[in-house]
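Naming follows writing order (A, B, C, D, E and F), and every chain is counted from residue 1.
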Amino acid sequence: MDGTLAIAANNLTSPIILFFMLGVAAAFARSDLSIPEAVAKGLSIYLLLAIGFKGGVSVAGHGVDTTLVLSLLAGAALSFALPVIAFALLRGITRLSVTDAAAVAGHYGSISIVTFVAASSVATSAGLSPEGYMVAVAAVMEAPAILSALWIIARFGTTSADMEEGLIREILLNGSIVLLVGSFFIGWATGDEGMQLIAPFIEEPFQGVLCLFLLDMGLVAGRGLREARSVLTAGLFAFGVLMPIIGAGVGAGTGLLLGLSPGGVMLFMTLAASASYIAVPAAMRVALPEANPSIYLTLSLGVTFPFNLTLGIPIYLAISRALTGG
Amino acid sequence: MQTHTAKRVEIIIEAVMEERLTAALRKAGVTGFTVMPVLGGSGRSGQWTQEGEIGRARGMVNVACIIRPDRLDTLLDAAFEVVDRHIGVVSVVDCEVLRAERF
Amino acid sequence: MQTHTAKRVEIIIEAVMEERLTAALRKAGVTGFTVMPVLGGSGRSGQWTQEGEIGRARGMVNVACIIRPDRLDTLLDAAFEVVDRHIGVVSVVDCEVLRAERF
Amino acid sequence: MQTHTAKRVEIIIEAVMEERLTAALRKAGVTGFTVMPVLGGSGRSGQWTQEGEIGRARGMVNVACIIRPDRLDTLLDAAFEVVDRHIGVVSVVDCEVLRAERF
Amino acid sequence: MDGTLAIAANNLTSPIILFFMLGVAAAFARSDLSIPEAVAKGLSIYLLLAIGFKGGVSVAGHGVDTTLVLSLLAGAALSFALPVIAFALLRGITRLSVTDAAAVAGHYGSISIVTFVAASSVATSAGLSPEGYMVAVAAVMEAPAILSALWIIARFGTTSADMEEGLIREILLNGSIVLLVGSFFIGWATGDEGMQLIAPFIEEPFQGVLCLFLLDMGLVAGRGLREARSVLTAGLFAFGVLMPIIGAGVGAGTGLLLGLSPGGVMLFMTLAASASYIAVPAAMRVALPEANPSIYLTLSLGVTFPFNLTLGIPIYLAISRALTGG
Amino acid sequence: MDGTLAIAANNLTSPIILFFMLGVAAAFARSDLSIPEAVAKGLSIYLLLAIGFKGGVSVAGHGVDTTLVLSLLAGAALSFALPVIAFALLRGITRLSVTDAAAVAGHYGSISIVTFVAASSVATSAGLSPEGYMVAVAAVMEAPAILSALWIIARFGTTSADMEEGLIREILLNGSIVLLVGSFFIGWATGDEGMQLIAPFIEEPFQGVLCLFLLDMGLVAGRGLREARSVLTAGLFAFGVLMPIIGAGVGAGTGLLLGLSPGGVMLFMTLAASASYIAVPAAMRVALPEANPSIYLTLSLGVTFPFNLTLGIPIYLAISRALTGG
């Protein structure tokens, strides 16, 4: 495990993590440092386009693996299943209402694309080459968890979720899913030729843009933590750290069963371990307005995201290597 | 200058509900409204700001709607249906407008 | 707290006409106003949104102007001259202001 | 639809003073307000626009606050303390609101 | 014409076109994908600065060609003349009022800078090197068409155009013209030395930024088409495709008369074929508020722009080559 | 002094200066060219991050110089002291009230980070390699001048400055200071390894981004000059040019005493010569609302900034070389 510690230490001192910490620190210190909303959105659009495109180009290069379809199906299944585990855990170790617990649970079945990006970077610097279609798995995992959360409410809740026509369409056509999947197919269609054309835009400055984006994430997470200290009980905090570990375990098992490469297993773990903070929160506001957004946003962005970013990813890398011998 | 009595309704509503609100308004025959941005705010559900946010879970918008007094109740009914379970504020002010034929 | 009666005029006007409107207001002696952004809207000329737009053909702005009641007609005349052939909405509300000496 | 009488206060204030204003409001027990952006304007201190500005010396924001009539004076006192030496405009309008229990 | 087909097919599968199509599809599917207005404007500023600067550097390198001044004059003349043709065509094959027809006509005398940029890319990948000053010709063609449209109204219309003092100044000092021309002169003044300094900003990421920008254009165009289906009659649609072809023909003739290179002729065709969607719409809202913006925006951005981008440009390339033997 | 003239001429025709001039000209001509506020803020965030990071990396490479701490202290001292000189000069040659004079004076003790960036570029192209920690000196010089200005008011003024609790914290935690210092420490911590990772983002496009940013500064400065012509008396204008020269003189002396390299002396001169237009104006609006912002903004951004950019920097370079024999 010495190598793990080295990687963890190395990870903790990467500019990406340090800029995230700078953001958190600035928010806690009540600095007026802030990234304009339009710029933050522009950065997230850039990252989605770049990561989707790269995944597609990689699939174009390596051909369609036989496990691709299985991985997509497994991703969807995990996204459906993880909220149930999360819900049970939450009801066990916290005092959240059914509504709040279901809403939080939905977040943990879905994924965080920046966590995925950060894990991909670490995988690549560690010499692994994860399957390019993992980005499609990420896209597939975004939405099912929402339906799962609504099903939990319908089954165990007293308030009813607002499942009006249009919600499903809205969830599936969420901007980040459309951009990620669209860029993936464009990357697939244009392959290396396309990549050569736009690599100086999506490859070279990528890590730097990621730093700036994580500065923003740190500012938002820090502000959230500052405002929502009161909702963050010990039980919730424990959930925010335990659940990613459980998710990563489930992800590891699934990845091994699928026969993914070491990098693929690691990314599957990361996807299962990460929690949504874009698609799911928005869907919950529409369908489950009674659930308290401070709880799920604080847990997802304020606890689980930093945990994965700093400690989780190196751990998942080490475990994936140990399990796959990679 | 000739002016006419009207009502100015302002609905501060979550950004995720904007499309549902404007669809409901149009369905109720209210076709004139203007959507304006919101930077942040505070209420029973705490204080928030849109700064640096990339998601839409927290954002709000302000939908302003000037309407003939006799159409007010239709509008409020339509709006209420949408805001009902959601956070947000609906306020109505008496106003005078130029060019009443436009409303 | 001591307040004073005033009028609050809000003019939703096409962005391309903003400078013409504010020039007309200043020419009419109205030097106090605030311009606020608009995200989109709907009216007789259809629905629109400013999202992703790079041109100014569709955008609108909201010019708010608080004014002494006796100056209202001057303001409305000046505004009307500019909006006349254009789309847009002019509404007037009675209000109270602090620090009347500023208006 | 059942509505209730309230006051709508809009405070156009320098962006650098926003936090001080909202802190003062909260200290006075006013926890509901919405902050909206301003693009530019004109007043006794001249005309300005936020276009291309990177600093906050010129920017303003519009803080809207809907409040029960009997709480108005508390709000105005709190606001006045902050705006006192600063530029900015405070206006109050009578309004009707839905869901009075929220205010 | 085999080569043309290959180029057309190649063009249709370039990332640039595919991102445009992704935008259109997302808008039609009512996805909430959107690029913030400030970011979209930032991208367009980047493109204008880059294309202007590059044009200027190229002129600095190749020296002032004797045909430069003639080309500028010819551009202005075309911008004045094309609206008259467009107006006649519109009155012939559509039922537009004089006001609406004049407003639309004004758009087709002016130009679309992104179409120009896309054509420049295609020209360069096809091994052509268009005259650098074509970007100045583009700038010169932006405004005269507006005056032409207003003259048509004065001559044939019942409503009068609002030709108040300030309009002409406003048209000529339109931000996109100023930035394009300004960057052109700065590129000219600083030449290769200047280019070396800022090439990693304006050269290398250019194609990638263009992809992102075309995603935005696709979103806006798709939204416009969705909203304005009702105004788009068969006659108008036919005009939106015919007029660029006519324009390209006139442009080809002019380019040949001027003795431009194959790339230059192709770009002249593209300029004449393209329709404005920034400078002219804004001017029309000011001067001709009675004209329906849905008509001219839908035609320009929703019909003619995609036509040029996908089919027009490869056709103009093939024709220019055939005519110049280039 | 021939070399100086050459450098000055060269500087005047650099794309950076030319884009600034384009902005000023566009604003004077009342073009509607403008950079969205969010984009302008994004550009300034980029520049602060990049310059801070580079400074930190340079310190990581060269080790902590013994003069580092002394330079920081000297910077703080200069920031405290220069406003007193500025105040005296203003009261001598202009008719500003004590309040306005104190507010203006505060700006000249503090610094302009873009002027610093421009000077760094010129230094590097002239073959100098300034100490990396000069960026930390810049950060340290931002705030003390504000306290100095408030002290002047307390000592000589009739109105009192609004020194409420929170103001000091707000000044020190100003977003631009936090980002600059934070990026400096991250660069220091990650060193060359970190730089390699993000160099394609912060190194390569830097000069191009700077051009775009200076276009924006030109637009804002030009607009300010247009609006505030009336406040700009001959005395004020003289101050706006004299004060940077005096500041540069004091900076030169300090830099020599500290034993800085030729590039370091030049940057110290530039810092002392430049005037704040972000941190100080915002603080003055809070603490000294009676001071007229048109005066200090016009002087700082409309007079002193262009002076330093065009003439000042080459002069400081020449003097620094002459004094240090560098």
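Operating definition for what follows: a residue touches a chain if its C-beta (ideal position, glycine included) is under 8 Å from a C-beta of that chain, and two chains touch if they have at least 3 such contacts.
Just so it is clear, the model here is predicted, and its values are computed rather than measured.
Touching chain B and chain D at once are the following chains: C. Each chain gets a centre from the mean of its Cα atoms; the one farthest from the centre of chain E is D. In the contact between chain B and chain C, the residue numbers used by both copies make up under half of all numbers at that interface. Relative to chain A, the most remote chain by averaged C-alpha coordinates is C. Chain C and chain E have centres, each the mean of its CA atoms, that are 34 Å apart. Per-chain CA centroids place chain A at a distance of 41 Å from chain E. If you average the CA atoms of chain B and of chain F, the two centres end up 45 Å from each other. Chain C has residues 36-37, 47, 49, 56, 93-94 in contact with two or more other chains.
Each of residues 32, 34-39, 41-42, 204-205 in chain F touches at least two other chains. Contact between chains, as defined at the top, is found for A-B, A-E, A-F, B-C, B-D, C-D, C-E, D-F, E-F.
Contacts from chain F toward chain A in the complex involve residues 36-39, 41-42, 45-46, 49, 53, 169-170, 173-176, 178-179, 182-183, 186, 189-190, 194, 197-202, 204-205.
Partner chain A is touched in their complex by these residues of chain B: 14, 16-17, 20, 45-58, 85-87. By the touch rule above, chain D contacts chain B in their complex via residues 1, 3, 6, 8, 22, 26, 31-37, 61, 64, 66, 93-99, 102. Chain F makes touch with chain D in their complex at residues 34-37, 40-41, 43-44, 162, 166, 216, 219-220, 223, 227-228, 277-278, 281-282, 284-286, 289-290, 292-294, 297.
Those residues of chain A that touch chain F in the complex are listed here as 13-15, 18-19, 22, 25-26, 29-39, 42, 204-209, 211-212, 215.
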